[in-house]
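Here's a structure for you.
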């Protein structure tokens, strides 16, 4: 585990237990994690390992039973202004009664940003995710992939330093998924935002991230960390054909199989 | 489901109504206003007239009318609803008329029917039935239309006779919707019952309320209103229990 | 329910259905006329021709329009008061689970209480006037609005709840831009139900207490045995309820386009 002193996000000894006594169900035990500013980290693990619980803790929606989460030096005790979340369920996390533009501008409205300013910012971020001029549409008038782009734009518009993504491409078709993955890589390179992505898909985790954190076991804990080293430029064909890619994938698969 | 609540939940559930009664008791205790008699006097009147048979007789008359009206409305509503719902042409032709009939404020029938046919039970039963039939009819039509086409195909594939198909397939499948219609009809029936007795009657709960008010016997008036409220509430609860029992398959299947 | 027939294959089919419905209505009127002609109905039932004539006369009389205005304004004011209080209180109760649980018996009692039962008391206290009528209309309309609002607020999607929390949306903004619109499909059902209750209760009170309005005119016509006039009023009362329900449905499907689309 990299115990980098300059970590933007640092998780130490995170433990989450539901219930007490005999019925106690420990989901996460003593999980450590550090993410540097500007880094892209994937957390990969099998379904049902507690990824969602971990993400809810990180986003401040759940208070961990033990351990702490810090952003620089500040303890995270609830939803934090430096954390934006892209939810898995875009079709339900976007408000169907708001236009796309209003959806993206909504977090800014919550911060008290004026009407024209937030509309301009929302338009900028919509353009950044490839939805220029689509602000007047409603989410339900768009395809699943486009809706997830709106959700990403909304998270970006919040201008948090850390972007948490919870299985963001789990419910779109393969081609759309590749497009969205490349979009996220571009956004990461251009905007310098720190991204922590949770997924069960090993290829996706490897393809996107600078570093892949493998979690497994019950209760969940970190079992391996892999630096991908593919650099800023990636390609759906070339990167995935890279020998280092298949090597890393084999290593993760073995890791998860042993468990 | 309601009976398995832990004790703490029961307390939270029942404390507010108890609090309302206690507040009413103490706030009205020293009341000298004719209009707001002390709750103790209201309860005295309630208990006295319940014991001497005045209120039970009144309630019997009112509830008898309500029951008869609802039974007629349910029978007619379901019967015609099944027929209209199964016959596309009939449904398309009659639906606008039914929607219009439903829109007539049901209490407006009271002076016409009761005014023309007198004080007896018959006209009151008729107005209650006439008011309560529409939601049952419309919901039955909706329920019949909503029967899953694949269930209908089963009937056809196994060559189930028409009557058996109606009784064992369409009716049960439409039953949740029909029950919802009866649940809507219930308070309408209660309201029309009260209005018909307040309009013109010589017995019944509405008459008891009106008669005592006209004699400025306000404790009796409040007692009558309280009893009507309790009966309305009891009927609503009773209906939920019956519905849960009769439609157990529906609630357990999670279709709701 | 509501909204009439679905438009399947365009205007032609719609016209055909309208024609069928028209024929059905005419047949029904003919049957009524015939039954009246052979004396199958009691004397109190007028012929449809008489009712039609009386309805035509009413349209030209100022007394009719005054009565409609009185009933409508009382119903509208009472409904509006109930709407505001019901929605505000419903949002409060719906967002706090403990409050929702604690209030459930009182709410259930209130909604099943036939408010006309306290009419004699309310008349004694407030007098037989428009103020009293508005009070009882509001009291009757309040419950469906309250119940539907609580229900709508409680059904808020957990994903939306998470989103609002993560982006730290302040309370007032959350109520205005999330809670209210999310519950709106249910609130508007409550408002629609309340609108028919408003007309029903207003006319009921007018019948019983002789406060001015359509209900009083019906009673007057009945007392003087002008059955055709009474039936004509009944017809217009139905038309009024039908128009209001239709208008609210139309407004609802426009304002809640997002809801219909999502379900479709």
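Every chain is named by a letter (A, B and C) in the order it is written, and numbering of its residues begins at 1.
Convention: a contact is a pair of C-beta atoms (placed from the backbone, for glycine too) under 8 Å apart; a residue touches a chain by one contact, two chains touch by 3 or more.
Since we're looking at a predicted model, the values are computed, not measured.
**Student:** From the C-alpha centres, identify the chain that is farthest from chain A.
**Tutor:** Measuring from the centre of chain A, the most distant chain centre belongs to B.
**Student:** Please identify the chain lying most centrally, where each chain is represented by the average of its Cα atoms.
**Tutor:** Of the chains present, the most centrally placed is C.
**Student:** Give the chain pair, either A-C or B-C, that is connected by more C-beta contacts.
**Tutor:** Taking the two pairs in turn, the one with more contacts turns out to be B-C.
**Student:** Could you give the separation in Å between the centres of chain A and chain B, each centre being the mean of its C-alpha atoms?
**Tutor:** Once rounded, the distance between the two centres reads 54 Å.
**Student:** Could you put a whole-Å number on the gap between the CA centroids of chain B and chain C?
**Tutor:** The mean C-alpha positions of chain B and chain C differ by 18 Å.
**Student:** How many angstrom lie between the CA centroids of chain A and chain C, rounded to a whole number?
**Tutor:** 49
**Student:** Sort out for me which residues of chain C touch chain A in the complex.
**Tutor:** Listed in rising order, the residues of chain C that touch chain A are 157, 159-160, 162-163, 165-170, 173, 177-178, 181-182, 184, 258-259, 261-262.
**Student:** How about chain B: which of its residues touch chain C in the complex?
**Tutor:** 9, 12-17, 20, 35, 89, 92-97, 99-101, 103-112, 115-117, 138-139, 142, 187, 190-191, 193-195, 198-199, 205-206, 209-210, 213-214, 216, 218, 221-222, 224-225, 228-229, 232-233, 235-237
**Student:** What residues of chain A sit close enough to touch chain C in their complex?
**Tutor:** By the definition above, chain A touches chain C via 59-61, 79, 81, 83-85, 87, 89, 92-93, 95-98, 106-107, 109-110, 138, 140-141, 154, 158.
**Student:** Chain B touches which residues of chain C in the complex?
**Tutor:** For this pair, the touching residues of chain C are 1-2, 4-5, 17, 20-21, 23-25, 28, 42, 44, 98, 101-106, 108-109, 111-114, 116-121, 123-125, 196, 199-200, 203-204, 207-208, 214-215, 218-219, 222-223, 227, 230-231, 233-235, 237-242, 245.
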